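As structure tokens, here come the structures.
Two complexes are shown next, each including subunit A; its partner changes from subunit B in the first to subunit C in the second.
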Partner chain A sequence: MSNAYIDQFPAEAKVVKALFYSSFVALALGGVFGIIQTLHRTDIYRFIDSANYYSVLTAHGVFMVITFTIFFLVGVFTWAVTTSLDREVEDIRFTWAWVALMSIGTVMAAVPILAGLTDSIDMSAAVLFTFYAPLQGHPLFYLGLVLFVVGTWVAGADWFRSWWAWKKENPDARIPLPTFMVLTTMIMWYIATMGVATSILVFLLPWSLGWIETVNPLLTRTLFWFFGHPVVYFWLMPAYMMWYVMLPKFSGGKLFSDPLARVGFVLFLLLSTPVGIHHQYLDPGISEGFKFIAMTNTMFLLLPSLLTAFTVVASMEHGARQRGGTGYFGWLKALPWRDPVFAGMALAGLLFAAAGFSGMVNAGMNINYLVHNSLWVVGHFHLTVGTAVALTFMAVSYWFIPQVTGKELWNRSVALVQVVLWFIGMTFMTNSMHRAGLIGMPRRTAEPQYEGFEFETAVGSVGELDAQIALGGVLLTLSLVLFFANIIGTAFGSRSDTLPDNGYAEALSGSDDAPRVLDNLKLWTAIAIVLVIFAYSLPLLSIVDRGGLFGPDIPPLPVSLESVTFLAFAVEHVATVALESAGNFAQTALSGVIN
Partner chain B sequence: MRISKAGLLVALAFLAPILVELRTVLAWADIHLSVLETVFVGAIIAAGLLLWAFLPEDGDETTSDRDVSNSEL
Partner chain C sequence: MNIHSYEKLWLIAALLLIVGFIATITYGSVGLGIAMIDDSEDTVNPGSLDEDFGEPRVEHVGENEYEAYVIAQTFTYRPDPIEVPADSEVTFYVTSRDVIHSFSVVGTNVNTMVIPGEVSSMTVEFDDPGEYGIVCNEYCGDFHHTMEGQLHVVPEDEFDMTELSVEADDEVELGDEATFNVSVENGMLDDLETTASFEIGDETVEEEITVAGESTEETTFTVDSSDLGEGDHDWTITVDDYEESGTLTVVDELEEENDGGNNDE
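The block that comes next holds the complex of A and B.
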């Protein structure tokens, strides 16, 4: 008999399997909408009405970055906690309860999004995954999101419960690294989701139900981004966890340093939230000073990112040398490229480095103006969440799915081709998206083809850029088809007894080398909260002060015609006087200079 | 062979970003490659890579122990 996860934790394996399959359904749907909108906006093949573009884009965004990523990562977290604490969940019914909450939430949010595509149902939520007011969705959409998030909160409680129970039995032991990573990530998530929870429960949901007339769009946007930046770390930290605790194992070595990994995760916990305003550099109504603080905090995030890059590459090199690799770069050849799990994760990491460069441009307050809301940004996050996260998740699936189903992977070669194809597809798609963004091509636009105006490209033509985006999209879709073929093939396979053992990488420098204070989660939570208060209290106060909690006071309607004409006259009068005095001033100044 | 088949596949895939970026970089030096020319340059580099990979190593016996990437963990 093998010693796979399903053998050790049969009940939990069922949960994790259900979570993975749910996430794959979302990935499949997201992929379908992805290729539709790619071909549509590049004008290569259009079969939907452009008026429905936002429904399609909402479906793509929500299914990909909310459903696919989060369902997958809660599965990984469940695996990580049970495996590293070596204990079953405290109560499996409790675990299924949060799975149910998340699933019901997803269905509730999906119904109005998809209903928006047909005229027969009078419902829609074409609000994009950022649901900025004044775009308004059906109440079911907001309710679904709330349930989904509450589900993740309960999931976190489940993992904390396990840890507390374990701590009672092991009072002096260090928190095992994977559990440490889960707990720090969840603390960050609890803090971050306060933003969306407030935004939805206090403002958007009552507004969409008609209980309140108006909202303050800048306030709800700011609350969204309070959550919107940390959510990217909610996707990334599980991917990092895979790079830290799994990649070294697949490279045939050990994690370079456990303490460094802990430092990285603590820094992510501290710095993820007080940076959200960096998504709002172009929002009027937030003063430059606050934006500058957000930028500074963002630059500090570079530190844990580089720590991660260093540790992961060092671990890989260690593994390669264990396998007989030599030389400055020669060791690269000794890495297990034949293994799709390894190759996929390594390629994901490689493209993540590129994402870091374009991210630096986004993060700089001044150069952000060049790329803001352009296709550049879309190129950037298809490298981060769309590759670093998505490709890592797909690659580790080739290890996880056999672990939780007890079945051999259907085909390793297809898996290898799949991850390589994703890499190539993303290279083409994101390269051209970045370049298109640089010349000002907008994102979130069904038809960025304008009459009487030409974008000026630096290299090639707009047609070429579009073709390259579409080529990338097609390769990605192919890659997804191969992925699902493999998953379905595996699911229908028969039970195997020769699966590798469940487990994760040991560390060269282990947890004993890590200062105790790193495990003091209360301390880090307190500091994180203080940083958030510093970064957000003043901006939020001034937003409310200026725009009102529920939006600016609305002038009484209807405005009488007389007052409009009077207003127009007044404006004109003031303008004329101002111009005249400016003219006079210029004249005196000029004559002063000349004489 | 000098590297494993899988290693070669990844090396070829890595040509994609190199080529698309190369085209942009060359444009700074006022060398404007058309798509076809870029594909052509890519084909030459790929051919070179393949040639290098399939050339026998200097003491060919070592191939098998170099080619560790095919081995299972």
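The block that comes next holds the complex of A and C.
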């Protein structure tokens, strides 16, 4: 009998498995759209109408960075909390409830996006995952996003419940590191999603339903980025967690320092949100001072990432030396490079270091003129979320999927080839994207071939850049095919008794070395909120003061219509019924109290 | 908490790096004067840009100083092309009539978001003549990829802001006089001294005109149709490099207006 996750927590393993599979479906769809748009914009093979490109791009963006990443990470978080607290979830029905909420939300958002690809259904949400007003998507899209986010909130509540229950039984114990990471990440997420929730619920949804006439485009855009930067850390922190608590284990050693891992996560909690304006360096209507504050915070946000780099490398070195590695750099050879889990995560980390470089360029507010909204940016985030996060998730799946299914991985060599292919594909694609960005080639463009001018390259040519982007895209698609072959192969395998035990890495310098104050979540939450208020209250007030809460008189530019009227009616109806019954309930309750 | 000494070194190095970055960027802003797009312009109402912002145009505002007022809307820029002289300092004011666009001059660091209700302003020096493409790099709808424009930096001695327009008779009765009202607009601050020349048949008339800075001068050419005779006569009016031309028809007797009801425009 093995002691895998499925043996310890059979009910939770089912949840985690469902979450992982949902995330993989999104990854598969996102991959299909990814290769379509790669071949289209490089003009290598075009079979869709260029006007439909933007529905494809919306689908790629939403499926990849909302559905794939978040479904996967809530699975990891569920595993982390149950494993590190060594207790089952408080109520498995509650857990399934948020899984359902997230799934319904996804489907609701996906319907109008995909409907945008056919003329037969009059619905569209080709507004990209940033949905900047006055471009207007179908209300179902906004409603779906809200439900999805609410689902993640309830998931967070689930984990906090577990922690509170555990704390009662273990009043003096330190929060186990993985749970600590989940909780700090979720607090960050609660703060961050206030921005997008306000943007959608107060402005975009009512506006798309026709209840309000106009919105202030700069305000909804700013609220989006209030959420849009921290969401990056919502993807990244689970990957960091894997690097902290799993990678040392796979390299055969221990985590270098538990206290510093905690410091890193606290810094992320504090600094992830008050930086969003760095996405708006080139927006009119926001003063240079506010941009400068966002930049300073952004630069300090480098600190926890640099700390992570140190700890991760130090832990790997420790592991390698345990395995007999010696020398200044010679220890690198002693690492388990043939293990796809280790190799994938290490390669992801390597490309993340490159991403750190292009990120520093992005962060410099006046250097930003050179690269803003160019293909450079797309190159940058395919290294961060597209590799540091996605490749880490895929690699660690080779460990997780056996844990939650109880089945041996179908083929380790295929897995190794898969992670290496991803690394090579991304190197081609992102390197050429960065270069194309520097010559001014824009992102989010179906046909970056213009009539009136040509892009001038210092070295190489536009054709060569396009060819490299497309080659990278093809290798990535192949890599995805191998990934799914392995997942499906594993799913159809039979139960194994020889799986490795569930668990995570111990620390060389353990939690006893960490100052108690690090576990004071209330304190960090309070400071995080104060920082957000500092960074955002004046900019938001000034934006509202300039453009009005509901903006100037600009008509929406709907990417679809018609069915909206019906939906508006339905939502209104439901809302009235809900309000009425709430009123009735209050009345009965009140009269009960009075009598 | 015990921190390994290497880790302390790393931490200090990381902090130095961060402070170094901030210092570099600050130097770029303060020392080199790279200003950020900001909130220095008043807001405008996208629904009434004519009053708040005026026509899309280039204005001459000082010696070698120009202002370009650009309107972005799905899926064009106006004016297009934008023309400015070399060796000048141009301040762009850009706004949008509908959704969010960008105004990005390819191969330069002129790059800004264009948000309806807000005006982005930025000042750029153009030393040498050249032609640049302008692209929209913010998704703005189905045909976003077709949104482009041109910026022409023309040699100083070829640059002017003269506009020629002519109002002329199409048809006159034999024996009547045909009139050609010419107006020459000078957008520059300096006076414009030039010659307007009028050609019809074998006849050429020239007239010296002086148009004061930022104003318009009008003049009229006339021709006696009996000299031309019945039939079609091509005419051309030229001022510097600008040319207007058309055809004057001299008929025996004018037809009643609107008789066929198909020439009412």
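Just so it is clear, the second predicted complex is superposed on the first by the 551 of 595 C-alpha atoms of A that agree within 3 Å, B and C clash if a C-alpha of one lies under 4 Å from a C-alpha of the other, contacts with A are read in each partner's own complex, and residues count from 1 in each chain.
By our rule, contacts are C-beta pairs under 8 Å (C-beta built on N, C-alpha and C of every residue); 3 or more make two chains touch, one makes a residue touch a chain.
Keep in mind that this is a model prediction, so the values were computed, not measured.
Q: Could you classify subunit B and subunit C on subunit A, in the superposed arrangement, as clash or fit?
A: With subunit A as the common anchor, subunit B and subunit C both fit in the superposed model.
Q: With both complexes overlaid on chain A, does A:G452 touch subunit B (first), subunit C (second), both or neither?
A: second
Q: Does the superposition put A:P336 against subunit B (first), subunit C (second), both, or neither?
A: first
Q: Would you check which partner chain A:N431 touches, where first means subunit B only, second means subunit C only, and both and neither mean what they say?
A: First partner only, subunit B.
Q: Between subunit B (first) and subunit C (second), which, if any, makes contact with A:G547: first, second, both or neither?
A: second
Q: Touching A:A354, do we find subunit B (first), subunit C (second), both, or neither?
A: A:A354: touches subunit B, not subunit C.
Q: Of subunit B and subunit C, which one touches more residues of subunit A?
A: Answer, by number of touched residues of subunit A: C.
Q: After lining up the shared chain so the two structures overlap, which partner does A:S257 touch, if you call subunit B first and subunit C second: first, second, both or neither?
A: So A:S257 only meets subunit C here.
Q: Between subunit B and subunit C, what is the tightest CA to CA spacing in Å in the combined model?
A: Value for subunit B versus subunit C, nearest C-alpha atoms: 18 Å.
Q: Indicate the residue numbers of subunit A shared between its subunit B interface and its subunit C interface, in ascending order.
A: none
Q: Mind pulling up the subunit A residues that touch subunit B in the complex?
A: Per the stated touch rule, the residues are 250, 252, 323-325, 333-339, 343, 347, 354, 416-417, 420, 423-424, 427-428, 431, 435, 458-460, 464, 468, 500.
Q: Which residues, counting only subunit B, touch subunit A once they are in their complex?
A: Residues 3-7, 9-10, 13, 16-17, 20-21, 23-24, 27, 32, 35, 65-66, 68-71, 73.
Q: Which bits of subunit C are touching subunit A when the two form their complex?
A: The contact residues of subunit C facing subunit A are 1-4, 6-7, 10-11, 14-15, 17-18, 21-22, 24-25, 28-29, 34-39, 41, 43-47, 74, 98-100, 102, 104, 106-107, 109-121, 131-133, 135-146, 148-150.
Q: Could you please specify the touching residues of subunit A with respect to subunit C in the complex?
A: 50-51, 53-54, 126, 128, 132, 134-135, 216-218, 221, 256-257, 259-260, 280-288, 291-292, 295-296, 299-300, 302-303, 306-307, 310, 314, 360, 363-367, 369-370, 372-374, 439-440, 442-448, 450-456, 509, 513-515, 542, 546-547, 551-555, 557, 559
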